[in-house]
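Each of the two complexes below includes chain A, the first together with chain B, the second together with chain C.
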Partner chain A sequence: MFTIDQISFSYNKRNGDLLHDFSLELKAGNVYGLLGKNGAGKSTLIYLLTGLLTPASGVVLMDGENVRRRLPQTMSDLFLIPEEFELPRLTLKKYVSLNAPFYPRFSMQDMERYLDIFEMGGMMDVKLHSLSMGQKKKVFMAFAFATNTRALIMDEPTNGLDIPSKSQFRKLVTSGMTDDKLMLISTHQVRDISDILDHVVIIDQSRVLLNAGIAEVMNRVAFRPLREGDEPIFVLQSPFGPLGAVPARDGEETKVDLEMLFNAALQNPEAINQLFTTQK
Partner chain B sequence: MNFKDNKAIYLQIADRIGDQILAGHLTPDGKVPSVRELAAEIEVNANTVARTYDHLQQNGVIYTKRGLGYFVSPDAQDKIVAARRDQLIKGEMDYFLGQLKAVGITPAELQQIYSDFLGK
Partner chain C sequence: MNTTVNQTFNWSRFTATLRKEVVENWRAILFTLLGTYGLLTMLMILGNIAFYNANERELIDTMLPQKVVYAFLSIATIVVASLSFKKLTSKTGRTEMFTSPSSSLEKFIVNGVIYVLGYIIAFFILTQLADLTRFGALKVLGFHGFLPGPINFTNVVGDFTFGIGSEVLNTTWGKAYLWIGLLASPSVYVLGSVVWPRLSLLKTFAFIYAIEIGIFILAAIFFTICGNTETILKTVGLWVMNHIDQSMLIAAMVMVVQTVVSWGLAWYLFKRKDVISLKWWK
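Let's look at the complex of A and B:
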């Protein structure tokens, strides 16, 4: 659905490119997790993806159209939930009636269902500016999911959510996802989202360190206590002996540990790259 | 749904479905929730649940009816018990017997403990 083709971008030329000659393909039917350290360019990438920033060179295409042209057909099929945002001084009902017409597949029924999941049903007459930050986020998220755009891009969606709403957020994703949609979640809170991802993208210093399906990660990497003969790509010392990310042996399958995978990719990018490019 | 760290999630979901079948909450020829329903319910990626269902189907625990979804196999309980027996003997039992040996419990003592347990 998205083709990011050799883009370069910098906020300040003297500091060099934040993204340099960066390419990535994102396909429909996947929930992507975008992981990277602070300052790796995750939010910038999201703004480039949604046509809010212009790359110095290269192009971002959605279904073959340059997103930077911000064509109505592109914008009506694309929704961004930024990390921080303001909502106007309106009731929720008014907000929906003003904004929903931009999204041809918006469903009021879905909106109500998503508000219910967030335990915010019957709130259509509430004034948006009277809500707490977390409540604003939930209302906005319910609207975003209800637009049913094919692309839904989220920047740190679980930040500011309380404990029950993190689980409710996962329910929104798993119940709203369909094969023609693409969701991308940029986050540091890997524990909040690790079970709902199809695909993980790890970026660092304008490189894609890893771009792989969760099933493929499980087939290639095991996360467990180290054993004799392992050649770990990442080791974590624990009081009960070393744990690590190791090349999976003899068809073993363990639960994918995104935190360890992330650390492995940053600490040992060559080993990760080799592990994922060899035939299996 | 909470998962343990030591086992692939799709297998942990398969275990839970197995529990439901053994407990009689899912009955022979009864319908299993659709992949999407279960994924939303337990907040897990739909492809992971699809993988669970593939696994259960390969093991003969569930079967598909075209266009209608997944159903519990008539002999699902036997299949699950056989698979778990196998798993217990090859896996957990090994660890357990190692522990018995480490603290010096004799076969006779073990037999007594197990007989007492069964007599409870």
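Let's look at the complex of A and C:
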């Protein structure tokens, strides 16, 4: 769906490129987790994907169309949930009636279903400005999912959500996902999304450190207490002894620990690269 | 891509965008219109009372209300036009504006329609309402010295004297110049609103004056080099007086060019804007 082809981008030429010759393919049917340190370029990448920034060189294509042209056809199939947003002083019903016509696949039934997931059903007459920040976020996300755009890009979607809402958000993602859709979630709160991702992209300093499906990660890396003879890529000291990310032995499968995977990719990028490029 | 739907301009998308902008900004629009109506009413009532109480009433121009209205209209249109892209001032506003699925031309025209054309039309309607209010309010107060009214709004730009330039502006092309000027002045401020969304009015105003001072300095240098300033000014002045229609036609055409260039450039820069940088030279 998205082809990022050798893009370079900088906010200030003197500070060098934030992204340099950066390439990435994002395919439909996946929930991508975009991870990276502060300043790694996650938000920039999101803005480039949604046509909000212009790369100095290279191109970002969505189904072959340059997103920077911000054509109505492209934008009606692409929804961005930014970290910060504003909602007008209207009722939710009015907001939906004004914005839904721009999205051909918008479904009112889905909207009500997603509001129910967030336990906000029957709130169509509520005034948006009277809602709390977390409630605004839930309402906005329910609308975003109900537009049924094929690409849904989220920047820190769980920020500002309380603990029950975070699990509701996971339910929202799983119930809104279909094979023709792509979801990209950029976040630092990896624990909030670790169960719903099926693909992880880790970026740092213009490089894609890891771009792999969760199944592949499970197949190649094990996250568990260290044993004798292990050659860990990353070690985490815990009260129960050292835990590590280690190359998975034959048939060994553990739950993916995104935090440990992220740290492993940052601290030992060569080992991760070698692990994921060798045939298994 | 579905190529059957026009990606540059589509009427139903345009009306949906217009509706969205008007309804989502209803409070700002309502307050702007109420403020305009209130100020117009106040100006008209005070103007009428001042006229009635003046010692030498016969020396005062009876078309004063229209002049005041035209002056107010000229200022109000540029103030409102400078707010046409105020959404670009915040990152959240830019994100919302650029990701909404209508074309940049549609978004651009919608803002122009609301903040320039829409406001000018609303202004004329509010002028009538304010004048009726003046008439009604003074009648209720038992006041008898009414100025002629209600004002015919076509007279706001039209048959009234402008002092020195009256004979020039009361020609056919002079009136055309005034009408075109109503669009030309705010169009520069629309451009300013795209270029400098923050403090747009002040920055555009300062920019225009910087250009005018620059032109004045260049003219002064030119005349100093030529050495016969008086002859040149006299020749030009004489030509204008002898060719009033032609000179006003030229002035009107300059206004048309200014309008077209301002709107065109504003749209081009609007299309190039991004979510982070407000730099217009990028």
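The criterion applied here is as follows: the second predicted complex is superposed on the first by the 279 of 280 C-alpha atoms of A that agree within 3 Å, B and C clash if a C-alpha of one lies under 4 Å from a C-alpha of the other, contacts with A are read in each partner's own complex, and residues count from 1 in each chain.
Just so we're on the same page, a residue touches a chain if its C-beta (ideal position, glycine included) is under 8 Å from a C-beta of that chain, and two chains touch if they have at least 3 such contacts.
The structure presented is a predicted model; accordingly, all values stated were derived computationally and were not measured.
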Query = More residues of chain A in touch with chain C or with chain B?
reply = C
Ask   = Just chain B (first), just chain C (second), both, or neither: which does A:121 touch?
value = neither
Ask   = Between chain B (first) and chain C (second), which, if any, makes contact with A:39: first, second, both or neither?
value = neither
Request  = Using the touch definition from the top, say if A:90 reaches chain B (first), chain C (second), both or neither.
outcome  = second
Request  = Please indicate which partner A:164 is in contact with in the superposed arrangement: first for chain B, second for chain C, both, or neither.
outcome  = neither
Task = For A:218, decide between first (touching chain B), second (touching chain C), both and neither.
result = first
Query = Is A:242 in contact with chain B, with chain C, with both, or with neither (first, second, both, neither)?
reply = neither
Message = Output the chain A positions appearing in both contact lists, the one against chain B and the one against chain C.
response = none
Complex interface listing, chain C residues touching chain A = 1-2, 5, 7, 10, 12-13, 16, 19-20, 23-25, 27, 90-96, 98-104, 106, 272, 274-277
Message = List the residues on chain A that touch chain B in their complex, please.
response = 31, 167, 170-171, 174-175, 177, 195-198, 214-215, 218, 223-224, 253-257
Request  = Over in the complex, which chain B residues touch chain A? Could you list them?
outcome  = 3-9, 11-12, 36, 39-40, 43-48, 51
Key: Interfacial residue positions of chain A with respect to chain C in the complex   = 11, 47, 50-54, 63-65, 70-76, 78-80, 82, 84-86, 88-90, 94, 98-99, 101-103
